[in-house]
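Dumping the structure here so I can ask a few things about it.
First chain written, first letter: the chains are A, B and C, and each begins at residue 1.
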Amino acid sequence: MTPEELLLLAEINGFNADYGARLDAGDFAAWPDFFAPEGLYRIIGRENFDAGRPLCIMQLEGQGMMRDRVYGINNTLFHAPYFQRHVIGMARLLAPPAEDGIAAEASYAVFRTRPASNMAGGGVSEVFNVGRYLDLFRRQPDGRLRLLRRDCVFDSELILNSLIYPI
Amino acid sequence: MTPEELLLLAEINGFNADYGARLDAGDFAAWPDFFAPEGLYRIIGRENFDAGRPLCIMQLEGQGMMRDRVYGINNTLFHAPYFQRHVIGMARLLAPPAEDGIAAEASYAVFRTRPASNMAGGGVSEVFNVGRYLDLFRRQPDGRLRLLRRDCVFDSELILNSLIYPI
Amino acid sequence: MTPEELLLLAEINGFNADYGARLDAGDFAAWPDFFAPEGLYRIIGRENFDAGRPLCIMQLEGQGMMRDRVYGINNTLFHAPYFQRHVIGMARLLAPPAEDGIAAEASYAVFRTRPASNMAGGGVSEVFNVGRYLDLFRRQPDGRLRLLRRDCVFDSELILNSLIYPI
């Protein structure tokens, strides 16, 4: 591993730590800024992904659609709120970094906790969604990494209740 | 990310790996030494923490109280023993490192396994407690990082049975 | 932490990320190459390990036995397939790196998802096996790290159904 790769991986790991922490804090308004303006975000089941089928449970094209989703979460979507907790593994590069993008992957586990007061079965933290981030980063003119694309390819075939927040 | 920040983060990640490994090995006697002599340790629910309420499920002020807790665990607390397993995410700095402290955060998941022989439902590993470490480190005169404060802010609202060991 | 240790730890973390990703992708044929030709692989319960008892639930001595296991998985072992997902914590060195080996440890959590279509209770991701990798690496003549030995020391006392794939 070269010092350049080491620094790049540390930067991606730092990016992922920030990404997870903001979502877990419920700071959804900060979430679209992890993407390039034209970024693509998908949450897709592993079987569909592997078979090349396009069906996703969430697909947002560009920061505009992402901000719309955030508005929905905060204002219009009727849902029982829950806490998320991301634990994200170390990133690995999938190809030598190139000018037009840096391809990387990281495993994640997201745990969900529903309020004990709101429903039966609440209060206990559960495995909610596990999978991998399949990413394409591009360095922006301000020098910061942003996601051109993040596919959350999840193993879980059944989504416990509904999935409301980004993963 | 500067080389200095990279080294500091690697040091904190190494600290957290050691911290989790010692607890998971049941080496509780080593645990107070992760703190400065006057260190504060709290395990607090996310809702209480966010609302500024002081109620914790564990609050230990200084290494003396921590050693007392360890003595209790090993000698006087009546409890069904269990195994813990920490998986800790990458740390992130919450502010530029300062002379009087380094503020950092990391997600954690702790899994618990109760002995199969001791009780019904034993033997299977369960999600026990998930949350984040909210930390203030200070470099000690011997050059090593120690915790001035660690708040374990956990999402889980119901604690499966009782929580005996530090998180 | 010296720059040399930092680079070595980053290399081990990268190794573990690759290791988990290959297994999670079901690319079992790539798995024996994470070991030295004479490498030893064991999956052993914590209680047996701590008591010095040799009983393992999987013990493979050398790449030949590993390749045989992979052949079995892909061709002869009758089993209900499932997905695995590794989330692996940061590695820590257990001793100063030596010429004849680098001793390291890392916590892992493996989640399992069985296909929803195949059975009752399928589709949901579960905690399958948690524990720690207790490793001895040796740098090979080609400059790459390989495992002389990996003990997967798991906390879980009950294995949900059967454990078929390497951990």
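Rule of thumb we're sticking to: a residue touches a chain if its C-beta (ideal position, glycine included) is under 8 Å from a C-beta of that chain, and two chains touch if they have at least 3 such contacts.
Just so it is clear, the structure is predicted and the values come from calculations on it, not from any experiment.
Visitor: Once the Cα atoms of subunit A and subunit B are superposed, what angle does the rotation have, between 0 and 180 degrees and to the nearest 5?
Guide: 120
Visitor: For the homomeric pair subunit A and subunit C, should the interface be classed as same or different, according to whether the shared residue numbers exceed half of all numbers used?
Guide: Copies use mostly different positions to touch.
Visitor: Centroid from C-alpha atoms only, then distance subunit A to subunit C, rounded to Å. What do you get?
Guide: It comes to 26 Å between the two C-alpha centres.
Visitor: For subunit B, give me the residues that contact two or more of the other chains.
Guide: 6, 10, 87-88, 90, 109, 127 - these are the residues of subunit B that touch more than one other chain.
Visitor: Write out the stretch or stretches of subunit C touching subunit B in their complex.
Guide: 1, 3, 6, 9-10, 46, 87-92, 105-109, 127, 129-132, 155-158, 160
Visitor: What part of subunit C is in contact with subunit A in the complex they form?
Guide: On the subunit C side, the touching residues are 6-7, 10-11, 13-14, 16-18, 20-21, 24, 83, 85-88, 90, 109, 111, 113, 115-116, 122-127.
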